[in-house]
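Heads up, the next two complexes both have chain A, just with different partners, chain B and then chain C.
Take a look at the complex of A and B:
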């Protein structure tokens, strides 16, 4: 089971064995060594930041978080069926 | 200048004014080509070079473009294409700001760079290029770094600012300056196969959100470089945004970010919640 490697607090599992399914999408360099799009399961109430940690992406490399087509912040909690996308910083001209 | 007006009206073919007539008018009345263009557009005569604009941009709007002033901050990959397109569009005054000279590594993508412009100031190349393609357009070059300290001077009387910079902290400074001066700002950034565009009006904070986690250094462009097609595309979208802002037409990328992935041909339109100050609450 993939969730064993997640960096999420154990008490979330103990309180509630349920999981929610999140559709993840990564952009540009974040795809390298990871994936383009993947559905993953997390305990209910997992914040965006925990998913970023789970993916081992340093937070300062995150340009933008998109949750269900809207800009989001790391402390936002995820819900069943959410579409979460992570974009790296782009700054060239 | 009734004589100038009569001269132009006599030489118009229906309402199209040929280039030779603009040149002849400038010589005969000893006035500048921009002055002739404004006189023609004020008479609802369309310089013939703009006849393929007309279905999208009627003559009254062409006059609005001519009377507008757009500042392009950075004259490299993005800025070069933006200047080229603004000049062909017929924006009357372009303020070009960049401290650098062309180097060999610019040649793969920067439209103002050629082997003969190596070592030459980018803003001087911009002046020469626009003089070549549309002499009715005035380019005001500033061979300086944009900085918060000189921003108010550089951007005075500007209708729209184009962010074509290559430094994240300078982009954030520019966003602050434009907010303070009340000027709309069109932001474009590129790296490798990827790019982004957003348009920010005074009070909006999309650019600040895009770079809120930035600590130091550059973005993906550091690893991925910049090929030729990404700046051309992102600059074209930026220019379309400038055109719409000046004309008050269409729906700009306000509180939205268009994210572009040319490797997999994916375009994402991300919605930002409007900043409360900007919507007046």
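Take a look at the complex of A and C:
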């Protein structure tokens, strides 16, 4: 799977006061030096890729993105109250 | 020269046979299923004199190929009534392969009440009467046999569950640290118990070893193969760090973690039992986060889980066990689950069947949901001692459901459904329904593609593509199960183009043959069709290739979905 990098348009950050809250969860090695779960604020319409970049997770390390319990793509836009979960490539059986 | 060893427990005789030419290119599951299909009457009683218990190392077992040390055990299953192959790590497979033993076939039943052990060496196999270890747990058997025959002895053993012919009983295999791996599924421990064999010891001193036809070609292919295993993030990093238990949080997030006897898809206390927590606990207590089940394993998905004092509790602590006693039974204490895992190893009972069974037992009111201490007590005091209740519990999920009138009983062909809800991960439901083994995630692990983005992506909540995905994986898995390879080589094999050709090159170099990828696919198809034919002759029809009714009518949160495949859609699986 190819992951493209997405730019967050600068004007989103310049919208005064417009913020949305998302619940962000990290798993496996992504927790190391970061956190397990945090509520975070971003400008409305921020795509998943921008959050990944904000966390300084290299895109090639992303194994799974789950948005509200469903698989998602990096270009999907986030909405108020979304639950976003990021996993490195891991597996079991 | 490779050979077949036959043990007849009716007249207590043994013989060494040459390998029939039709079996020469087979190993592992291909060989056990071929032998069982050829020699066991499909309608026989699995615990009667006509069933046979067959052990076979894989085609590459005993070579330096990474992760090739798995042993297949086959028979007619007393749990499912179908053909069964169950494979395990440990040291026995490589020892049998080095001894040139392509298969060990145990047939007949002894008269009388005596128990026996078998000893396998360069001299063939001998049968001894056993008195001291009858009734003992598997850890005591390993300790005693090592004291008698030496630390390096390979051991296959059954605990009290197998002796009592409980249909959830497993066969334990000594691992490199004198702990235990298991031929877990399908009640093969009961078959060994019916034949009155407490343990099999293996001494490979003076063994000829495995000859490789083209050593240079083998070395090159083995290097490429090992590199693929180490390069893939799942086999190279994820599995060694978190073990298979990393899946708790993944399935929970995907809403496919069966909880409270398959009534929910998420477990509120998932963080207490997840792989991340387990890893941190093991490290803090001075245990081993990674560990191999056999020499030559470079994935190291196993671990050694100690208690608060740093003392050994269990190893090979798998996602399915932790899911089952954890989420499905709502137990949020990893130490209780680890102790239960240790007891299951010791009494010799399948930790998947037993975990699914406890979910049903809790619904039946035998003990409350969340009662980890109650699970430990029932394992020790009822199942381990073979009380009437213990024998019902030791018969698995279906047995408890019948005895207590429970209708929500997650089994297919009477085998417990493991750790992935088929309503919210639909591909695995096709595998559960169609597997020749009864419900078995490993026979076509669609979780890779439905959930983990390995080998592409097929949406777990939609029906599209699931039958084809399961079919392709079941065919490939049947072939891989014949090589002696660990199933986790599938992760790199699905994603790294050099991996599978290197595996085939190793087989070709080992035997001096020229198999192609198509030949390997054909082998997989042959195995599935051979197994299915056995099941048809045993009386199974397509009506048995179905999930229990409750999956059709009870939506599972958070996605609130039901199992919505029609019978005709499921039956498409067999169109190959």
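Worth pointing out:
Rule of thumb we're sticking to: the second predicted complex is superposed on the first by the 78 of 93 C-alpha atoms of A that agree within 3 Å, B and C clash if a C-alpha of one lies under 4 Å from a C-alpha of the other, contacts with A are read in each partner's own complex, and residues count from 1 in each chain.
We adopt the following convention: a residue touches a chain if its C-beta (ideal position, glycine included) is under 8 Å from a C-beta of that chain, and two chains touch if they have at least 3 such contacts.
Every value quoted in this text rests on a predicted model; they were computed, and no experiment measured them.
When both complexes are superposed on chain A, chain B and chain C clash. When the two structures are aligned on the shared chain, A:77 is found in touch with neither chain B nor chain C.
Judged by the touch definition given at the top, the superposed model places A:59 against chain B, while chain C stays out of reach.
After superposition on chain A, the chain C segment that clashes with chain B is 55-63; the remaining candidates among 55-63, 127-135, 217-225 or 343-351 show no clashing C-alpha atoms.
According to the touch criterion, the shared surface of chain A, contacted by chain B in one complex and chain C in the other, consists of residues 27-29, 36, 61, 63-64, 66, 69-71, 85, 87-93.
Listing the residues of chain B that touch chain A in their complex gives 74, 76-79, 163-168, 171, 188-196, 209-211, 213-215, 218-221, 223-224, 226, 231, 257, 259, 261, 264, 268-273. Taken together, the chain C residues at the contact with chain A in this complex read 233-234, 237-239, 241-247, 249-250, 253-255, 271, 275-276, 301, 319, 441-442, 445, 447-448, 451-454, 457, 459-461, 487-488, 491, 558-559. Interface residues of chain A, counted against chain C in their complex, comprise 1, 25, 27-29, 31, 36, 61, 63-64, 66, 69-71, 85, 87-93. On the chain A side of its complex with chain B, the touching residues are 27-29, 36, 59-64, 66, 69-71, 85, 87-93.
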